[in-house]
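Per-chain numbering from 1; labels A, B, C, D and E assigned in written order.
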Amino acid sequence: MDLNLSYLFESLYLIKPEIVISIALVLVVTVDLFFSKDTPIKKKNLLAYISLAGTVAAAYFVIEQFGITAFAFAVSGSKGMMVVDAFGAFFKLLILLSTFLVIYFSIRSREITEGSDRLGEYYTLLLGMVLGMMFLVSSSDLILIYVSLELVSLSSYVLAGFTKHSLRNSEASLKYVIYGGVSSGIMLFGISILYGLTGSTNLYEINSLIQPASINNLALLLSGLMIFTGIGFKISAAPFHFWTPDVYEGSPLPFTAFLSVASKAAGFALLIRFIKITFIQSVDTIGNWHLLTLIDWQTFLIVLSILTMTLGNFAALWQSNMKRLLAYSSIAHAGYILLGLVVMTNQGLIAMLIYFAIYALMNLGAFFVVILIENRIQSEELDDYKGLGYTSPVLAASLAIFMISLIGLPPTAGFIAKLYIFIALIDVDMVMAAFIALLNTVVSLYYYIKVLKNIYLVRPETEPPAIAVTPFNLVILVVLLIPVLLFGVYFTPLVNFATNSITLLGF
Amino acid sequence: MNVYDLIFYLFAAITLLSAFFVVSTRNIVHAAFYLIFTFFGVAGIYVLLGADFVAIVQIIVYIGGILILLLFGVMLTNKITSVQIKSGAFQTIPAAIGVGLFAGILGAVLIRTSWKTIEPIIPESTTTGLGYLLMNEYVIVFELLGILLLIALIGAASMARK
Amino acid sequence: MEHFPILSFITFFPIVGMIIVLFLPKTRTTLIKGLTVFVTGIQVVAAAVILSLYDYTLGGINDPSTFQFIEKFRWIEIEGFAWLGTIKIDYFLGIDGLSVPMLLLTAIVTFIAAISSWSIDKSVKGYFAMFLLLDTGMMGVFVALDFFLFYVFWELMLLPMYFLIGIWGGPRREYAAIKFFLYTLLGSIFILLVMIGLYFSAQETLADGTKVFTFNILALMDTANYSEIGILSPLNPANLRFIAYLALFIGFAIKIPMFPFHTWLPDAHVEAPTAISVILAGILLKMGTYGILRFSYPIFPDITHQLIWYIALFGMINIIYGALCAMAQKDFKKLIAYSSVSHMGFVMLGMASLNSIGIAGAILQMFNHGTITAMLFLLVGVIYDRAHIRDLDAFGGLANQMPVFTGFTTVAFFAAIGLPGLSAFISEAFVFVGAFGYEPIRALAIISTLGILLGAGYMLWTLQRVFLGSLKEKWNTLPDLTFREYAMLIPLTLIIIFLGVYPSAMLDLMNSSVNQIVRFMDDAKILYGSLGIF
Amino acid sequence: MTEQLLIKFSILILFLPLIGFIVALLFGKRFSRIYLFENIVLFISFVLSVILVYAKLAYFIDSTITSEIQWITVGSTTIELGIELDNIAVLMILVVMIISLLVHLFSIAYMKGDSRYNRYFAYLGLFTFSMSGIVLTHNILMMYIFWELVGISSYLLIGFWYEKKSASDAAKKAFIVNRIGDIGMLAGVLMLFITYDTFTFDKIFDQISQGILPFNSEFWLTVTGLLIFCGAIGKSAQFPLHVWLPDAMEGPTPVSALIHAATMVAAGVYLVVKVFTMLTGDALFIIAIIGMLSALIPATIALTQNDIKRVLAYSTVSQLGYMIMALGVGAFTFAFFHLITHAFFKACLFLGSGSVIHGMHHEQDIRNMGGLRKKMPLTYATFLISSIAISGVPLTSGFLSKDGILAGTFAFGSLTGHWLFAIVGFLVAMLTAFYMFRLVILTFHGEPRNKDKYDHAHESPFIMVMPLVVLAGLSFFFWYTPNPLDASKGWVVTEWIKPPQISVPENARYDFMKTDILAQDGKIDGYPVSYSQKYTKAVHQAHYPAMLLSLLVAGLGILMAFVIYQWKKLDADKLALKMKPLYNISYNKWYFDEIYDATFVAGTTGLSKLLAKFDLKVIDGIVDGSATVTRGTSTFSGRFDNIVVDGLVNFMAYLSGFIGLIFRRFQTGKVQTYIVMVIFSLVILLFIFKSL
Amino acid sequence: MTEIGLNHFLIVSTVLFSLGIFGIVTRKNAVMVLMGIELVLNAANINFIAFAKYGGFGYQGQLVALFVIVLAAAEAAIALAIVLNIYKTFSTVDVDQIDTLKD
């Protein structure tokens, strides 16, 4: 029994991005020590810049290792704890992108900068969360999955309540921690059952172990469900979504944006990896997945996705608070994305990736506008948006474009996203599902348009203040707008990117 | 009916009864103390399962750490002087139904499942084994846990401090 | 000229205009208006050029070689893997006898609507930006030959329309706008579904011999391109073509608007500002029928043959129902709106006749209704600008007060009731001739003739209520037409009279395409019969 | 004189009035004297038409001149514009031009001082154009087009004084009632087109004579004929669509003379004449019946009317019915002949009444007239002459034509045994004589019943009287035949007007129209043979008895008129009282208007209102109702209502909102509740999928 | 009385788990909710170790248990911090009263 650390060093090369992030994290912690309570905010932004740099560097390494497909931390003979593949890289990039933007939002956001004495903690936790996500999307062992999930959760509990003096914040964090604790507990129990059934926590080994259907289906189903509870909590899929509206509304805006994109992304990556690696039997030449017939996967997922999107859309009809509205809309979009998984083909996987990339862009864009407005008028109530179209045209116009994209009308990218989902669905003759999803789109029109109605159609008795857009913010805004419009009319690069990113290790 | 069984039933009884009191008593402090017994019982079960090291850790961390933490929580969020130490229950009926159903299913499934079991071997000290494992496959988890603890520290601090 | 992409130009020139408008300071209203008028004017010129270069002998419809001004290049090209078909979407523009009349109509009506928009004074910049965007959308719909492209343009119109109604509209504008938006979006999701379904049912053979899924509607018309497995493939015994046809038809019918999907129309018209009502009635409604002729007929000839009687039936219902509803209206604009419902019914009836005369009549009716109803809405706008009410009974005796206005209105009304010598007569007569000539729908044609009686009824009644009789006191200060209004009305009047006297000008334009589509439908009947579809 | 020249002439005749119309319309505001231009162009086309008629009758009397250009090509079919000049057409055009010209002249004075003087003449020009179009065209589509155009010009002219509600109502009524007829005609045209793939008369008739029939059945040929005849029913105000004509008297009197007496209303007859050759026996018989009714009913109504123009209007309808009936019984020649003669004297009568009205300062009620003989002698004289003519007294044109028609009915009776037509014919003749002379007497004879009006009355100026004189002159026999008692001796009915070759299949005709061998060879005792030998014989046997009878009835009618109104031997009012019900029916025009209003008009408007409601309530929200109900019951939808929209959309919105509300209910804000729900949903999911 | 086997342990863990959940959803006091969470985690741990022993899967299960214990500690720390914060802002720790955020 001796330690051979050779594979350890090889593995370290494979997790450069994660290492970079952790370095940045430690850096932030240490630098923060040199700041006192009353250091001017300008100086403190250094922390933000460090984090930005860390994200960029990590992104660089991720791109660098894009082609690679390998196990990491695999003792000779056994499968590794982590896998490095294009699929993971895609989501890592997505996460890093949104992190970058969210950090920028945080620099601009009133809510965050007001609690300036704790900026250090803020960025530390943010980076911790990123780290957790990056492990989450690339870990292939249930234990690592659970730990990184906890890492993500713990930091997000705190971040949700970051501006702790406001009631909403602390309530959000409490709900989040309790809800999260329970669902992770349930997930752990599920993992334990799976472990009991197979004697392994490694997805690949589990897969190879359960290939003979000798395993008791019911126990497997139960454990699967319990694990799904944890994942569903992350991607806020019905019926595990209940925390979402409350926490989204309660949390500081930049963090809400982060939740709605990054942690969703991580969750979805986990879900896809979990299902596709654990329960796969084979993938045939035209890209159809053949899963172990433990349960009727398609029905299961269709029910969940339809439920999710319908619930999100219909509940959103009633919202008058922008954050809450976006919360429900994000639930609805989770439903659409799940549809991509339903079809159980690579085509569907591509559709999901495309959808996710576009969703990230437009959602972050919408949140950015909301943040800028919130900074000025200290409100996210739709009623306070009235007449903004005339006092601050640029913001209003960009918000309009993001909304249109969220509805999914051409020529915006949102349309392409939905189009690909529907193409995937109809490709496997799931016309009915596609139809329901489309009807949902029509319903979603109500509330997205409601925003535009308030902005443009309604003239309030008191004109809202004009909101100036600083050059920096304008740049970011444009950076978000261009792809949203461009991918609407020319989506070849995006699709190619997605097509190249669906290679999971092993299948 | 050998000793092993007796011990098992003893620990199981301790665990479950105290756990039951934890969730049923109206007095928070009592609950906290019942929790000690629960953890102790669980530790006992670990021992029965041949996981001595884990049992030790259980006792140290839980009883020595978490429980104290919880007690602090209780103290800080209640005025000892007043009798406001009590805490009511809420939506008991639906919860009972739901949890009952779930527990029923869970138990039924777990029992009805044919687990692949081998004749249990009484292991020697588990510490070395765990150590190797920790330093080989699971080193990355170990590292990650380190970061996690750091995060938790910072988070808790930033949350709790004035 | 051959190499100059004139269709792209005529389609996207407004976008250029829009961008310029967006960069102009919002105070330079006159400049913005002038620019818009200029842009649309250029469009008219371009349309004229197209007309002058157009070869009347080529049929188009399903034959790529006989389309004209074709612009085709690869737009989206995604090389898939083995297990994923490559996606190739073309940027494919082209016109035939079906599109040219619509293209002319769009150019003219938009131009006139631009002039009539001169009176807009509320956030001018936004208005004209939206206006130009809408223009591009409409033009694109009529020149696109790729289903995907078509759909993009089709959807592109919705948003500008929503804002144009919702911001610059009447008192209940929000309601009307959202209603319009919802209805049309509902319609277009049906179209989207069918579009994707078709995409997977047919494969186009490229120059290099590879077969790829396609949105190219011309390829979709050829049964040879379909595979046995496609859900919408006629070769697939278990295909869903019937449902798909219904879906597609509903999608278009909502735009027409066909009973019972017409209820968005009155609201939208009444609330929309004059220029927008003009565009709505003048152009947007035509897209429904155009879509049916361009897509439903050639792509689903089999189902079309099965359902032709129902199309005619709904046409008849539209005619009678719209006319009766119009008769009961008190609001001038609503009345015109319902008359549009009635007149679009003629188009459907003509389309259902499946013979040259009927279809030619239908297309001609599309054009004529476009001009006539545009004129009517302009006239309503004129009176509304002056009196600020549209209640028919509130007027009376305006003939003496505003003789010129009365003159124009009389022409428009007479045109609307199909008076010979004015454009609509020929088209309606042709519709009847055609429908009567097609045995299955003869009875419906006979019943529909009631429409022209009712039409005369409500139009003349309106004429009487508004213009005849003795003048009410409060109106004796209304001024007659201004120069700008002359500029809008005279061209339309001339077109209406000219086409009334010499309809060949338009009919020859579409003749070969009409023959082509009729021949196609007849052949298809035999072909599908041989396939054992019927 | 080449045919081409004639064609050119006719084109000029056709389009000059149109030019007049356009010019007068566009520059009417600018130049007050523009109407002169219109008159001049009309005069030119009048002259041309005279030349045309002369040339045609002199050189091409037996040939038909046609010329056509291609108008539209659709698919395989082409549609032509064309002109067809046969004797009937040229005679008709001449009549139209004469009367139109005279009416123009008359109007110059009559309409003086009207605010829309030029507009008036413009409309006249438009009408003349459309009317000539009807006459000259060679295909039925063009005819339909001009048919509609005369309808419009009549609409414009009836409603010329649109300030009067009654006027605009009448105009609308006229147009719409005409439209009803036109729809039938349109259907007929469609039948012809789908059968023969052409609109041109000749081609259609040729194919019919080759035995090609609609749906290969004579029945459908009959139907087609009748459908086309519907157009005539509308235009010529035949029963049951005659109701519009009396109301049309709201228009200026000259217009009534031109349009609603002489020309446009005769267009219906002209149409039947044009398509006579394709009418089967059954069709003709039905036409005859309709003509009979139209002749009888209005005649009875005319007995009791007091508005001078209305009396004339009803007499017009009755006379038109006469012609239609004549065509129905096959008296083709005399029907058209009567059209011509009637055009002249009826125009004269109307213009005379116009002159009277003008003189009496727009008084139309004959009860306020009387004794005008002295005040306006010329008017009286001309009016009297025309009345004599219409009553069918020898030496007048009316006698000739009417006698011919009566002979025709007589012969028809003798040939087929249907004597009813003859009887009605004579009865109507008597009634006509009676009410015409009642009119004359009440208007011109006796003592003035309204003194001050009488005092201000005056003879009209020359320019108004002159047309009267001309028209009265045209009402004498010598223009048409040397023999005052027998038109058949004259040139019009023997040389100019000839019945066409019947192209209907033999077995679908009247028996007497079947061609028999003898008919081919020239004449029978001096008379040209029409249709068949036995018909010609029968007609000429019928001639003298018919003549005597008609003289008798005419005299009787006139006598009665004098007895009652001149010498007051019988009291009119007493008579009225004696036959109260009859009197009421007649006085109230058989209640036609009331019946129609109660049924069709009310029906349509009611239906439309209903549908509009339907549209608003039902279509616009199938469940809008339920939505509102729930809105009442539920607390939230009030808030919800302004978020989304009503109607079907409203329902969807409501439903969506409701679902949304259900979902919202879960969002209690209590985290523990959430967890309980999670547990429950886990259980449910497990139960759902453990089976799968 | 059968000889003690895997199932016995599983029953214990199941019951513990259920009690934990029950406590979480019923107790008003936030701290007691946290206790419930701890119970759940313990139940899972028992599973792991029991499976590891009876399945002969080696030490993996115990290792997981260790990790979980650590995680539990961390989670407890953070959760308590949050509870304290709640107590500061709401001056109550009754979870069912913390429901200002809702539809």
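Heads up, the rule we're going with is that contacts are C-beta pairs under 8 Å (C-beta built on N, C-alpha and C of every residue); 3 or more make two chains touch, one makes a residue touch a chain.
Worth saying up front: this structure is predicted, and the values here are computed from it rather than measured.
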item	value
Chains contacting each of chain A and chain E, listed by label	B, D
If a chain touches chain A and chain D alike, it appears here	B, C, E
From chain E, the most remote chain by mean C-alpha position	D
Innermost chain, where centres are averages of C-alpha coordinates	C
Centroid comparison with chain C (C-alpha atoms), farthest chain	B
Chains linked by the largest number of contacting C-beta pairs	B-E
Chain A and chain B: spacing of chain centres that average the CA atoms, whole Å	32
Separation of chain B from chain E, taking each centre as the mean of its C-alpha atoms, in whole Å	6
Mean-CA-position distance for chain D and chain B (Å)	104
Whole-Å gap separating chain A and chain C, where each centre is the average of the chain's CA atoms	44
Where chain D touches two or more other chains at once, by residue number	644, 664, 667, 669, 671-672, 675-676, 679, 682, 686
Contacts with two or more other chains, residues of chain E listed in rising order	17, 20-21, 24-26, 30, 33-34, 50-52, 55-56, 60, 63, 67, 71, 74-75, 78, 81-83, 85, 95-96, 98-103
Residues within chain A bordering two or more other chains	143, 147, 150, 154, 157-158, 161, 164, 173-175, 178, 182, 186, 193, 196, 199, 218, 222, 245-246, 315, 318, 446
Which pairs of chains touch, using the document's own definition	A-B, A-C, A-D, A-E, B-D, B-E, C-D, D-E
For the chain A and chain E complex, residues of the former touching the latter	143, 146-147, 150, 154, 157-158, 161, 164-168, 170-175, 177-178, 181-182, 185-186, 188-189, 191-193, 195-196, 199-201, 245-246, 249-250, 315, 318-319, 324
Chain E to chain A touching residues, read off their complex	17, 20-21, 24, 30, 33-34, 37, 40-41, 43-44, 47-48, 50-52, 55-57, 60-61, 63-64, 67-68, 71, 74-75, 78-79, 81-83, 85-86, 88-90, 95, 98-103
Chain E-facing residues of chain D, complex	664-665, 667-672, 675-676, 679
Chain D partner contacts - residues on chain C that touch it in the complex	175, 178-179, 182-183, 259-260, 262-264, 321, 323-329, 355-357, 360, 397, 399-400, 403, 414, 419-421, 425-426, 429-430, 432-433, 436-437, 445-446, 449-450, 452-454, 456-458, 460-461, 464, 467-470, 503-504, 507-508, 511, 514-515, 518
Interfacial residue positions of chain A with respect to chain C in the complex	284-288, 346-347, 350, 390, 404, 409-411, 415, 419, 422-423, 426-427, 429, 431, 434-435, 438-439, 441-442, 445-446, 449, 453, 456-458, 489-492, 495-496, 499
